[in-house]
Every structure is written in C-alpha cells, then in structure tokens.
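Here's the structure we're looking at; comments come further down.
As written, the chain order gives the labels A, B, C and D, with residue 1 at the start of each chain.
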C-alpha cells in the first residue's frame, strides 16, 4: 500500500512567482519517504545505526500544478520497484484531489565508506509492505 | 555553446552525510541557467518585465558523485532542445574534471495569469546562442 | 497563552556537523508563528487578503543545544509585546523538556506598497490571546 | 579590515512577497564569514581538519530594506570582538550603497565531541586581521 501524510506550506517554501519553488518538492519527497520507511518498520535513522545509507542516485519531478502558501498538501509515497541493489520510490503531491507534482527517486545502498553494497534482507522484506502498483489498483 | 560559472559550496548546502543535499542541485541548476540566459541577452528579470515567465514543467537529476563543503564547483548549462513552447536545458555539476551530477529541466512559457503562451520570437532567437549538442562536439 | 506544535527534522535541515543548520531555526520560528496566528483567529493568509503584511524587522536566536535528524521537536510561540505598530513573538525549540533554541522576531506592519501602517484593531485584539509572560507563570 | 564579496540573488532565495526570505540572510552571513576566514589564512575546512569547530551560539539580524531577485548584493563581514572562547562577527548586506540588513553571529569553539574548548592561538592571531571598528573608521 502507499503511505500518506499532510504538510502545511510555509512562507519559506514559496518564491516570488507566489508558488512553491520547484526544488522544494524534492524535500517534500524526502519527508514522505522518511515517514513511509518509519511506518514499514525500517526508520532511516535505524538504517544509519546499522551502518548503511540510501543515497539518491536519480530524481525526477513532473510539475502539473502549483502549490501555494498555506496550502494543506497531501504527500503520497510508495515503492514501485525494488531489488537487492536499488529501490524506486514514487512521490506525489496533491491539494485535495488535484495532483500537483509526481516524481520518483531511485535509492542505492552504500556502507559508511560510500561503497555500494547489497541491501540487508530485512530492508528488502520491509519494501514489500509499501509496494504499490497504481495500474493494478484500477 | 555552453555556459559555465563557478560556485563555492557553503555549509548550508550540506547534510549530515557530509555531502551536498540532493535537492540543492536544482538550485544549482537555477543559478547556472539564470546566468546563461543573462549571457545570451535575455535575463530572466527582463522576461518577467515583458510579462512572461518560464516555469519548470519537468526536472531530472542523475547523481554520480558527491560534492562536499567548500568544494569549488563548475556549473555548466546549455540548451539541448527548444521550440516556441518549451526549452530543455541541460545542467552539469563538476569538481575539476569529475562530473558529479547531470540533469535537465524543461521550461514552458506562461503569461502573468499562468496561461500557457508561445515564447516571443526574440527569446527563441536567443536560445540558438546557447544551443549545444555534446555528441557533435566529439 | 502560548501555542505549541510538533515538527520532525528531515535530512534536508541538517548540515555536515550532523545537526540542524542554524538558519533553519528561523524557518521553524515562521512555522510556529503561522500556526499561532491561525489559532488566534488571524491566519496570515487572511492578513494578506485584507491587504496588510507583517515583514520581519528584527530576528534573534540563542543556540543552547543541537537538534538532530529525525528528532521530534516541539515549537512554542507566544507574543511577548505588542502595540499598533509592532509585535514581538518569542519562539522556542525543545526536544522533550530540553530547551535547544530560544529567539524572537519583531514584526512590523506594511500595506501592499510596503508602506508602514498601523495594525488593524482586529489584529491587535487577537494578539491578546497569545500574549504570555513566562515570568508571571512561575 | 573588513572583507567584502558579491552575490547574485537567485529565485530560490525569494518568497511570495517578492523579496529575499528573512532566514536566507543567515546563509548570506555564513557565505561571507567563510570567505573572510579563508582570506585571513584560516579556512573553515582547515579548522575542521585540525579538530575544532565553530558553532553559532547566537545570531541577530536587523532588516532595514529588502533584497530582490537578481540583485547583485555586497556582503561585508568583519570581527568586532574576539577572545580565546568566542568571536563576534558582524555581517552587512548592501545593494550599492544602501544597507539592507545588518546582523552578527557569536561563534564558540568546540572539539569534535562538541566539548567547549579554547581557540587555538593561531586562530586568535588570524582574528586580528579582520578586526574592524566602524566607529574608529569615521
């Protein structure tokens, strides 16, 4: 299933066009995937304690609408692909039913020396809990 | 031709992994395309005075290496595609010869009411000046 | 009385010292005073619709401890002084009972042309609801 | 003497009021004091290699004017007070001759375990090079 959380847009996130600055959506993606990982039992801070990190290898955003100051947004995150070496997480930002931004990040897995490693099986098992295929849901 | 500028990484841009936080590269892309537009004779602030805006429709980043605090980075920007309705700008971040991040943004064109419009011919003409095809350069 | 809200520290807010970067506390202050104004019946977005703005004239932060990634912080905000021309808002950041940062901002009042004006009486009346004197509370 | 550098305001730094968001000035202060420390022969990255850090204990900003997108600002930084345990650095932001923001930070000195220590004498010696008293300059 997917994970959802809400977020109130502060002044800090806007730019002079009166909308949320485009780079901030990548911060929004981080907030939602952090909470998603927490919910599936693998908080990111625990990963770091266990000695592995999940750096972003790739990020993508498609901007379909604009969020404004004080909007109460809904962030959705889910895992669309995963293996022992990478996880692809889709993130969506909505205001009510309106989809404003959709994107994804691809995370790799490294140890504390930034050497690429395979993900622990415990993490792979957790991924299943937030695996979601929007097509299958229709 | 492409445009290049330099940038010193401040503490503000780093995260606790000791590297530049991934969303900040989209700010870096903005800095380099702003200067690119200025250099080709179409500063972004002038576009806004003339009543058109270039919102980001799509953004993409591929992270191949990490930038660190106090690194002196080189930002490269060039136009890889353009038409009357959109411009695709490639952005690259290097430390010395090492390519750390490559990405692109696709800009549309809107008027002050956020209605999609065709780009003024004057802007299209400017785009030619920073059009660049890395393949043709080899 | 004072207003309180909670906030989870994202990776985006940390720096390479492994703590929240010092400038981010001013964003935290904004988040808490926005919610405080909403709670006392004068949401900031409504102020803007009514044609007045409350720019920051002065800001101060005292850093006593460090917040870390994934900390669940408590932001407290209250009005310590107010008149027809300015409002002073104290902001505090705690992790549990530990006070990490205390600061304040002084807000003025301007119209949409950035001309200084007196605050509407309706806003002044609202200020009373979040007026708080920590000394009197002891 | 004081140190000065220039900075071009990106879109990222603005908010929907059309001006630089107030927290960003603390990032500007960091940029200017980093370059100031580099110029006086004690780059911050070298301090960290030598095992000491200079966390911010206090920060203050007074906002007298607004910076806008694409403004070419001048950042000035100088040391107004220093001892073995703390350094006070004044930062000013100007557009041409117009002083927009003045503030200061007070830095302490800690080791890599965040224990407060005395500054190395070599750093204290460097401080003299950027000590400046605006009153004495009149």
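Please note the rule applied: a contact is a pair of C-beta atoms (placed from the backbone, for glycine too) under 8 Å apart; a residue touches a chain by one contact, two chains touch by 3 or more.
From a predicted model like this one, the values you see are computed outputs, not experimental measurements.
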Longest centre-to-centre distance from subunit A, chain (CA-based): D
Which of C-D and A-C has more C-beta contact pairs: C-D
Chain centre separation in whole Å, for subunit C relative to subunit A (CA means): 28
Distance from subunit D to subunit A - Cα centre to Cα centre, in angstrom: 35
Whole-Å gap separating subunit C and subunit D, where each centre is the average of the chain's CA atoms: 24
Two or more partner chains touched - positions in subunit C: 11-12, 17, 19, 23, 27, 30, 69
Subunit B-facing residues of subunit D, complex: 8, 10-12, 27, 30-31, 34-35, 43-45, 69-70
Residue ranges of subunit A in contact with subunit D within the complex: 11-12, 14-19, 21, 23, 68-69
Parts of subunit D lying in touch with subunit C, wherever the complex brings them together: 17, 19, 22-24, 26-27, 30, 53, 55-63, 66, 105, 114
